[in-house]
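What follows is a set of structures to go through.
Heads up, the next two complexes both have chain A, just with different partners, chain B and then chain C.
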Partner chain A sequence: MTFADFALPFLPEILVLVGVLLVLLLDVFGVKRIEVFGSITVGATLLALLFVVADLGFLPFAALSTVPASRIDIPLAVVGTPLYSFTSLGFVFQAIFLSATLLVSLASMSRSSYEKGAGVFYALVGMATLGMLLVGIASDLIFLLLAIEVTAISTYLLVGYTRRDPRSLEAAMKFYVIGALSTVISFFGASLLFGAYGSTNLYYLRSVGGAVGYPTLILLGYGLLIAGLAFKVTLVPFHAWAVDVYDGAPSDVSAFLAGGTKKIGLFAFFLVFLGPVLFFTTTGTSNPFNAGVLNTGPIFQIVLGVLAVVTMTVGNVLALMQKEMKRMLAYSSISQVGYMMIGIVIATSPAIAGATLQIFSHTFMKTGAFLVVAAVASLGIGPLISDWKGLGQRRPWLSIAFALILLSLAGVPLTVGFVSKFVLFSSAVQAQGYFIWLAVAGLLNSAISVFYYGRVLKVMFFDAPDPEPEATVAGPSPPVSERLSMGGLGYARASTIALIAVVIVTFGIFPQVILGPIQSAAQHFLIAGP
Partner chain B sequence: MTTLAITGFLALSFALFAIAIFGILTRRNFILLLVSLEIGMNAAILNFVYFAALAPVNAGSTNGLPGQSIAVVLIGFAATEIAVGLAIVLALNRSKGSINVADSTTLRN
Partner chain C sequence: MDLSTLPIIPITLGTLAAGTVLTFASGRWARWVALATSVVFLFEIGLMFLGYTSWPGRSSSLVPQFGEYQSYSWISLSWLQINFTVGIDGISLILVLLTGFLQIATVVYTWNETKRPAAWFGLVLMTCLGSFGVFVSLDVLLFFLFWEAVLIPMFFIIGYWGGPNRRYAALKFFVYTHVASIVMLIGLLALVFYSGASSFDFSSISAAAQGLTGIVPVVLFLSLFFGFGVKFPIVPFHTWLPDAHVEAPTGGSVLLAGLLLKLGGYGLIRWAVIILPSTLTRVDPILFFVAFLSIVWGAVLSLSQRDLKRMIAYSSINHMGIVLLAISLNSALGLTAAVLLMFAHGVVSALLFMGAGTFHHTYGTRDIPSVGGINSRTPILASLIMIGSLASLGLPALISFPAEFAALLATWDGLTYLVLIPLIALVVTAAFYIWMMQRVLFGPPKGIPNDAHDVPPAEGLGMGMLAALTVLFGVLPFLLVNVITMSPITGWHG
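Moving on, here comes the complex of A and B:
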């Protein structure tokens, strides 16, 4: 194998890394303009996305693929126990992660041009993206956890990088403490699994399953991993940090956290838990501690299923009670994770495809929602939902885009949010047994969520605006809006929001464009391994 | 080579882990919180070292090399994480004049 053969499959990762280094280098040499850093990051991300999409075999680009087809989706018996492996589902997730980065770095170019620390912002976004890409190719537990930490450490700094703002700093502190706690728990769990199996390879863990013995170590190890990863994806008993962090962080960063970096935890759940949930059930009896052979399947299914239902319910109920827009979106983001967990619990290939589609649509919807919040804040409108009164009259296009995003979050037909929920819930019904209850819980929760999304729509379109809305903006300095084009939004942010609205509608009407590749990726993933 | 019972070693790392979790949940001083985090990471690292030395030989790895190298990597990683924590402490101290976690209560429902 020549060096090129070795390095070429990593082209997306290399491109993103080169982008980060270039941004840092230019920052050192005194370049100040945010447009320069933004263009470099957007360019690197776009190229990386192109190559990832090529690896997935989409037709116009398939010739650009850098990973030979003989290295994608290979079963354990052939490939041995490497640190990384290329799977189609991993590429789907890499594409999702890169889209989130692309949207956020594009929209962030609309901030004031000579803002201090622009280079650092883009370098950190790039570093976080690199970590997310590595999660997409991980096939070793330690590799996976370290890749997650590359992202996590970058995002701690991203949340607090406007360090003159005490709210952002407090959010960074909370995020750091909780993130580090979850890291400790995950690594301790991983160390126990290493003790039981003598290896940290996810293929190996899956193929050996419970047959290795040491049931206590295995149960404790996987249990701690559930807790550690649950912090990352904000499952309910471990969710309290998320709302404060999304609230306190700059809105662009909140978009990146909710739309992008949270998803790596879900893919980590796919990699780590599909094995135990699926395969442990095939060996052994119903007694989990039956001598030597461990049957953890039902245990993990019940634990994860309960977590999923509790997460979606608590997230939705708390979202109903919020008065601030960002906190409401944060709770709705928590409840959406509950839907995604359904796919991990059921673990059939339609369910995985549904969860992946839900993650895909949620990336666009939530990134878009937080970017609209950032845009509205830059117009000088306050953080409360009631401050958005009459936005439909004052900013019709922005309001229509936000309405589309909210309708998609609620799962209204002709939007991508409907397609993903439909695929996910119907997979739960297909799976029969008590999985049907997951679909029922999901549908009930979708109904609840319509209330708080509908309330925002009502406030935006049917409530009359306050007589003198401009009075709230009065201050010594003019608001940012006066320095930017497109009625104060800026071209970059406005076009990003428009792009998101187009994506939501396009994939809502033509879902088969992405549904087919995702379904085949999910099938390969179940056959070939992590 | 004498064989050692793993139980005592495991008891040590579980104790360290419990101390760390307790410390993270109860300490209000950010520096002590960082110390607790470090103790927790070291509990995991110690586990890798024991298991590499005493680990089941029925497993895929034939010797303890993977476990020992993971331990070295994790030591480096723990240092990185603490460095970021210290950066946050510095910024916090500069902005609020306090490193007490309980003083930061702006973000509330």
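Moving on, here comes the complex of A and C:
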């Protein structure tokens, strides 16, 4: 194997890393303009995205593929295989992660041109992206957790990079403490699993399932991993930090956290938990204190299923009670994770495809939502939902874009959010048996969510604006240091939001374009391994 | 150009959607755009009628076939085949016709709406667009999309233009019908996946569902029955209806009673009875019981109402109970009667609600005992209310008579002496309408304000159209029956 053969498949990762180094270098040499850093990050991300999409085999780009077809989706479940492997589903997730980075980097270019720490911001976003890309190719538990950690550490810093704002600092501190705790828990679980299986290769673990003869170790190991990863993806009851962090962080960073980095935990759930969820035996035991084979399937289906339903319900109910826009969006983000977890509980290829599509659509919707919040804050409008009164008259296009995003989050037809929920809930019914209850719970929750999204629409479009909206500003809102184009939003942010709106509608009407590749990726992912 | 080869249903959906959007956008010209859309819609319905005698509906194959059939692939995965499939048979066509008539009548009746007229007419058109979509779609997802698309405008119609208690009524309407929609959707999805149908298309589901055995089809049928039944509405899930009707503006009541209740009946026939006919015979005691309960309960409660609108609302429950009874009989005559009755009830209840609305404007109250003898002061209004009431109680030569007669005949065929239950209930219905007419229309004048005028022209025109239909199809019911029997169900049951 020549060096090129070895390195070429990592081209997306290398591109992102080069982008980060370039940004840091220019920062050291005294470049100050945010447009420069932004362009570098956007360019690197866009190129990386192009190659990832090429690896997925989309026709116009397929010739650019850097990973030979013989290395994608091949069985890998041996005790001592390499730490990474290439799967189509991994590429799908890499594409999702890169989209989030792209949107946030693009939109952030509209911030004040000489803002302090712009280089650091883009370098950290790039490093977090690198970690996310590594999660996409991980095939080893330790490699996976380390990749998550690369992202996590970058995001702790991102939350607090505006050092002057005490709310951001508090959020960063909270995020760091909880994140470190969850990492410790995850690694402890991983070490227990290594004790049981004698390997940390994820596909080997999946192929063995519960059939190793250490029921207690398996149960404890996977249980601790659930807890550790649940912190990352904000499953209830491990969600409490998320609202404060999303609320306290700068809105662009919140967009990146909710739309981008949170999703790595979900892919980690796919990688780690398909084994225990799919392992069913008639001769085994469900009592972890008996020796022998542990029947992990029913245990983890129930545990994860209950977590999913509790998460979507609690997230929704609490979102219903929020008065602040960002907190409402944070709780809605928590409830959406509940929907995505359905895919892991059912673990059929339709369900995985549905959950992946839900993750895809949520990336665009939630990134878009927080970017709009950032845009609205830069217009000098306060953090409360009631402060958005009459925005529909003052900023009609921004309001229409936000309305599209909210409708998509609520799952209204002709948006991508509807398609993803429909496919996901259909897959629950398609799996038959008691999984239908997951579809019922999901649909009821979608009905609840209509109310809090609808309330925002009502405030924006039907409530008359206050005579002097500037007077209602409460809390910190970044001042607009110079008058920007596009009604104060700036071209970059405005075009990002427009792009998101276009994506939401386009894939809502023509979902087949992305559903086909996602479905085939999910099928390959499920049979990867022996 | 040959008109019969046009993809007329997609074109109609397109014009209705475009008309809706234009109406929302056109400010003070909204009423004219809405009227133009309604006229074009009626013209397109006429085109659908052009070729109906040559439909493949009478084919002997088990898989039903449809007129004006169009199918385009939308989502295509190994386990999920969703198409944009539309088509009509006699049942759909009659209800589409009803949609067209009610749309234009509502637009004309509410011509002088002053509260946000653009939004009002837009929502009216959107309701009709959704209903039309429900009647023509032959794909589970498409059907569900249109089904939900009806709910949203009606929620706003009640919640924004409604009476003093409108928020409560709109919310209750939304919660009841949305929960029912969810049960219905799960039932339909389960129908697809448990039967192993190759796509979400009606034809592939109805072919695959023949293989369902055991308890599964029973559970599916009952969940669909609940989902559609709440829209009917069946007792005991009917309580949203009186509140919604009383609070809704007149135009909203017209669409609610005329169209939305029909969606439930149509859905039950299309997606439950035709697909699972053998299951219907297994669960029909439940359906008969619910039907009798609705008939009797609706009639009794109707008798005891003082509010004119509430009385008509409860009589709707009674009439839709008869529809349910006719559907549950699972005979060609029963289904034909059910569809005819739905059309009749759509026209008649719309006329009555319009009459009640005008009555309210004119006399400032809908309280039956406090107003009397209005025929001396407002003879046109009195006559229109009388036509509606007489049609509703089933007077021969008006539209309800052939429908109710056919329904009772089918009930006699299926249940023999149990026909006495709906028959006696019909007597009660007749009683409360006659009693209402006696107190309100005739007798010594009382409670009449000095400035009471007779029907305004727009409202009179709207009601006049419906009254004319009541007489026309009452005298010539075969115009409708001939179309209804052009349906696959006659190929099956005949």
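Everything that follows uses one rule, which is that the second predicted complex is superposed on the first by the 501 of 530 C-alpha atoms of A that agree within 3 Å, B and C clash if a C-alpha of one lies under 4 Å from a C-alpha of the other, contacts with A are read in each partner's own complex, and residues count from 1 in each chain.
The definition used in the following text is that contacts are C-beta pairs under 8 Å (C-beta built on N, C-alpha and C of every residue); 3 or more make two chains touch, one makes a residue touch a chain.
The structure displayed is predicted, hence computed values, not measured ones.
Contact with chain B, but none with chain C, is seen for A:S191 once the two complexes are overlaid on the shared chain. Contacts of A:F425 after superposition: chain C is touched, whereas chain B is not reached.
In the superposition on chain A, A:D247 contacts chain B only, with no contact to chain C. Chain A has more of its residues touched by B than by the other of chain B and chain C. Judged by the touch definition given at the top, the superposed model places A:L443 against chain C, while chain B stays out of reach. Judged by the touch definition given at the top, the superposed model places A:L169 against chain B, while chain C stays out of reach.
Within the superposed three-chain model, A:A353 lies in touch with chain C and out of touch with chain B [touch as defined at top].
For chain A in complex with chain C, the residues that touch the partner chain are 350, 353, 413, 419, 422-423, 425-427, 429-430, 432, 436, 439-440, 443-444, 447, 511-512, 515-516, 519, 523.
Of all the residues in chain A, the ones that touch chain B in their complex are 81, 142, 146, 149, 153, 156-157, 160, 163-164, 166-167, 169-174, 176-177, 180-181, 183-185, 187-188, 190-192, 194-201, 204, 212, 214, 243-244, 247-248, 327.
For chain B in complex with chain A, the touching residues are 6, 13, 17, 20-21, 24, 30, 33, 37, 40-41, 43-45, 47-48, 50-51, 55-61, 66-67, 70, 73-74, 77, 80-81, 84-85, 87-88, 91-92, 94-96, 101, 104, 106-107, 109.
Remark: chain C residues 73-80, 141, 145, 148-149, 178-179, 182, 185-186, 189-190, 192-194 touch chain A in the complex.
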